[in-house]
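Next up: some structures, all given as structure tokens.
You will see two complexes here that share chain A, one where it goes with chain B and one where it goes with chain C.
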Partner chain A sequence: MNITNSLRDPAVIRALGAQLKNLSLSRKITLMEVCGTHTMALHRGGIPSLLPDTVRLLSGPGCPVCVTPASYIDRAQEIGKNYGVTLTSFGDMLRVPGNTKSLSESRSEGINVETVYSPLAALDMARKHPAIEVVFLAVGFETTVPPIAMTVMNARDQGIDNFSILTAHKLIMPALELLVNDSDVRVDGFILPGHVSLILGSEPYRPIAEKYSRACVITGFETADIIQGIIMLAQQIEISQPSVEIQYCRAVKKDGNPQARGVIDTVFEPADSEWRGFGTIPLSGLNLREEFADFDASKKFPVEVNAETVQTGCRCGDVLRGRIEPAECALFGRNCTPEHPVGPCMVSSEGTCAAHYKYSRTR
Partner chain B sequence: MTDGNIVGTGERIQLLHGSGGLMMQRLIREIFFPAFGADNDAGFDDAAEITLHDGPLAFSTDSFVVKPLFFPGGDIGSLAVSGTVNDILMKGAKPYCLSLALIIEEGFPLAELKTIVKSLADTAKIADVRIVTGDTKVVGRGEIDGLVINTSGIGEILPNASISGVNARPGDVLLVSGEVGNHGIAVMAERNGLKLKGNIASDAAPLNASVIPMLERFGESVHVLRDPTRGGVAATINEIAEASKVTVLLDESSLPVGREVEAVSELLGFDPLYLPCEGRFLAFVDGGKAESILRFLREDAGCPDATQIGTVTETSNGEVLMTTVSGGQRIIDMPAGELLPRIC
Partner chain C sequence: MCLAVPMKVIEIKDGGQAIVETGDISMEISIQLLSDVSVGDYVIVHTGFALEKMDPKAAEETLSVLRELAAMDATDMGMDTIED
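So, the complex of A and B:
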């Protein structure tokens, strides 16, 4: 039996579930799962219903679609409209509202938008149709950047000049640092993202534990992983010895994946970046380096976009910062549902509001 | 018979095959009639003549746009017969006859059409149902994507069956006739070009052989029947919970999901509960009879993997909950938005 199989052994999961339910703590604690994949996985596993009264779980900013600002969607639409390019995107982005409409709505009005499963598929499209300009919407945290960087390198090496990317990549560390410095957000420990840590390793998180005294556990995505991660965090907090532990040790190494970081570094450089709900965070995004400027859609297809965000009453920003839970937003489940989403947290398959609505709302 | 006999001018469907002239006659006479056992002369009448006994009938229609047309375990032909046959069965009726309409794109390979027609005929034979009337249209290249099929059908409702989506009630037990999600995964894997080595094949099949004997024996105890097609088990149970105004509680650890389906679902990001089946049924049955019905399905009705997956707990506005493996509980929601286009 391999590790993943034992993590799926119903007896193991049931025992861990019972352990979580009976967890006895000397005080109330608040934990945050940073990553959207964790948000979905833990709701799917029914974990919120197992938490003892002493453990509160908040969702963090690690859903790439959710933190992408409305102005990015607007820019993509303007490029599509003014230059007649074909926009290619992961499916999740299509329904995310911009300031006036979503890409899905613009598509019905005639802008070319195609869903792809990988950046390489977008590059393939450009190769097969040299007369069409293909723009890939490059969204995501450290996990999704290496394949996109490889795709840009391929495009350059193969001389494919009708391909470019519109970047809205985000880095997780600057957001975490902002959160631990936010006096409105009282988090005792972080369930740290497994996939991102495959690339980063555990070292970058050390200041969170050592300087800011927050418990940290890099956690896998099985129900059993997450329960174990929560229990490990509770133990760190209980003995007041915050550190960075790796629960997801079958995949994450201490120094992460240096080759993947090298690929990122070859193609991209850190840059200030706007986050929905956070505003602009210094050096929290990635832009293409000068030598890859030919593949930068924002330079290739300049457009004017209003930087202001239209107020809709949506509180995704507060949800992403862990300031409120979805049900505290006046729109949640009333004006804002997966069918008619107002904010991105209700759209994305990793969105906090979508997870709460789909798995845990009370009717 | 060679292709040359049928068309005289090539091996692809031409607009002339739908024009009502000689070429259309030959297409029908040489491909459709032999397959469906139709009379060469009376077959050209404008309508079929059928005689049924007294009593209520079930009448259903379904259109098929699956992409790709051929997938592991079936094709659009087997799907088009199973789909309508199963819809009739889910009303507690014995399917009697079907109509068949094909809309074909100009240039469609004749060899593929023949394979699909054979599959339609073979599946109809298994389902013990006759295809009694039909229609063929050919449209220009690019006006549709290959082939679209519509089937409609009539069946006679069994005397002891009173089945409807509004009939689930507290105390009922929910049974599923076999593993779920296979059809969805087979089609999506084929469409995405995944070369699967394992045994994933669509479950598309007519359900007569299990449903009819079950109803003949336990008709009064079967309250709701539904095949979990688009939206899968999750959407189907939600529809029934809402229509019957009850709460359904599923047990995650009892859901029959094959290992391959689980693995590919993970790879492609699907939840098997939302994947369509085309040869399975869900049955809400009287709690006191559930065990006997389950044993009958497994041992005498060709459903060895049939299993109990949930219960109806109380009256409500209609909600579906699931006890997870960890002992927690969560909602099973209606799917929002388009999950899997052109799956059937």
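So, the complex of A and C:
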């Protein structure tokens, strides 16, 4: 698509990069990119090297793979082992460590784990193999929830009863509110997630700007988008007028996608949820509603799982809260590398530690 | 995980499905989360579903703002329209 080509024109990126580098600010500011897809995109675009000394960039908690607790991986493995189901998952989840091993490693014990790119592919598998129980590992923020909710509705409408999901969905607003109330980390502005906002629109973020006085810009994922987003945030902070602006206006509407939100509300209800590194955050996750209990793998295939997390020395939790940079963790680049990850932030290609390892070390 | 890609709708099928393409890649996706999708629209595709339609006018505006920001003129920017 030619808008993407235009946005990727090297001459444009160079000129925008120079604007960013020359940004003149009256004080040092700290910005946070909330979304893991932004973390990866901005490192790939070389943005950290273009930042003026006055702008510090932190990564936030918006990498679903990173915040999924080890006990969730353990539960999936126990279901696979005890009930002989076929586990289906997005590829990025496979190497995430549980308390003893990852899903990928558990294949060697005979647990059946298949990678799918869409929940519909998992539903298709169930349709074609009625004798097999297919369990889809439902992780992700508001971007990914509507596709999964729609898939569950399709399963019900089509009478496919050998399909179920194990939910670990997360909602972005409760985590943002926790961050703005964290006295250890002062974030002046948020690069808000472009694709979560396709669904949510801009209204839910208003309290972050109006009540907590933080700058907010919903930003796209091209390097040019992110540079513009950072400049818009810096301008809001400089004139002390925090608001919610939409840089990614070619895709994000103020009201988001109400139809998709309706699908979420039909299938799921808010519930307390455990985040790796944060602990349990009230009403920060989603559970299937009672009407859809037949599709709830945790009810269909009950297992006992130890809620305790094994201590490894991994500081992903502090990284996800913006309290430390990856290099401040004693394991980073030594015991913990993308080849041998200890913590989830090193596993996911969108994890902060993986992005720092891949890109920062070469500078 | 929130990776999503703009793709052009080339065919609407029964059952809330559509064929979309970008470059040499075409695939079948679900359009059940959107109403009023037509052939020729650009949609943002994530995990096999269209989540939103792209707004060509807003896209042009973003390009124009970026052009201004970069202090470059339209020819340097390689401005193309979203339609082709």
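Methods note: the second predicted complex is superposed on the first by the 357 of 363 C-alpha atoms of A that agree within 3 Å, B and C clash if a C-alpha of one lies under 4 Å from a C-alpha of the other, contacts with A are read in each partner's own complex, and residues count from 1 in each chain.
Keep in mind that, in the parts below, a contact is a pair of C-beta atoms (placed from the backbone, for glycine too) under 8 Å apart; a residue touches a chain by one contact, two chains touch by 3 or more.
Since this is a predicted model, take the numbers as computed values, not measurements.
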item	value
Contacts of A:312 with chain B and chain C, given as first, second, both or neither	neither
Partner chain in contact with A:16 - chain B first, chain C second, else both or neither	both
Per-residue touch tally on chain A - higher for chain B or for chain C	C
Which of chain B and chain C A:139 touches, first, second, both or neither	second
Which of chain B and chain C A:99 touches, first, second, both or neither	neither
First, second, both or neither for A:162, with chain B first and chain C second	neither
First (chain B), second (chain C), both or neither touched by A:223	first
On chain A, positions contacted by chain B and by chain C	16, 117, 224
Residues on chain C engaged by chain A in the complex (per definition of touch)	1-4, 6-8, 22, 30, 32-35, 42, 44, 46-49, 51-52, 54-56, 58-59, 61-63, 65-67, 69-72, 76-82, 84
For the chain A and chain B complex, residues of the former touching the latter	10, 13-14, 16-18, 20-21, 43-50, 95, 117, 223-224, 227, 337-339, 349, 357-361, 363
In the complex with chain A, residue positions of chain B that touch it	192, 253, 269, 271, 317, 319, 322-331, 333, 336-337
Residue numbers on chain A that touch chain C, as the complex places them	1-7, 9, 11-12, 15-16, 19, 35-37, 62-65, 90, 92, 117-121, 139-141, 143-144, 146-148, 150, 154, 193-196, 198-199, 220-221, 224-225, 228, 231, 247, 249-253, 257, 259-260, 263, 348, 350
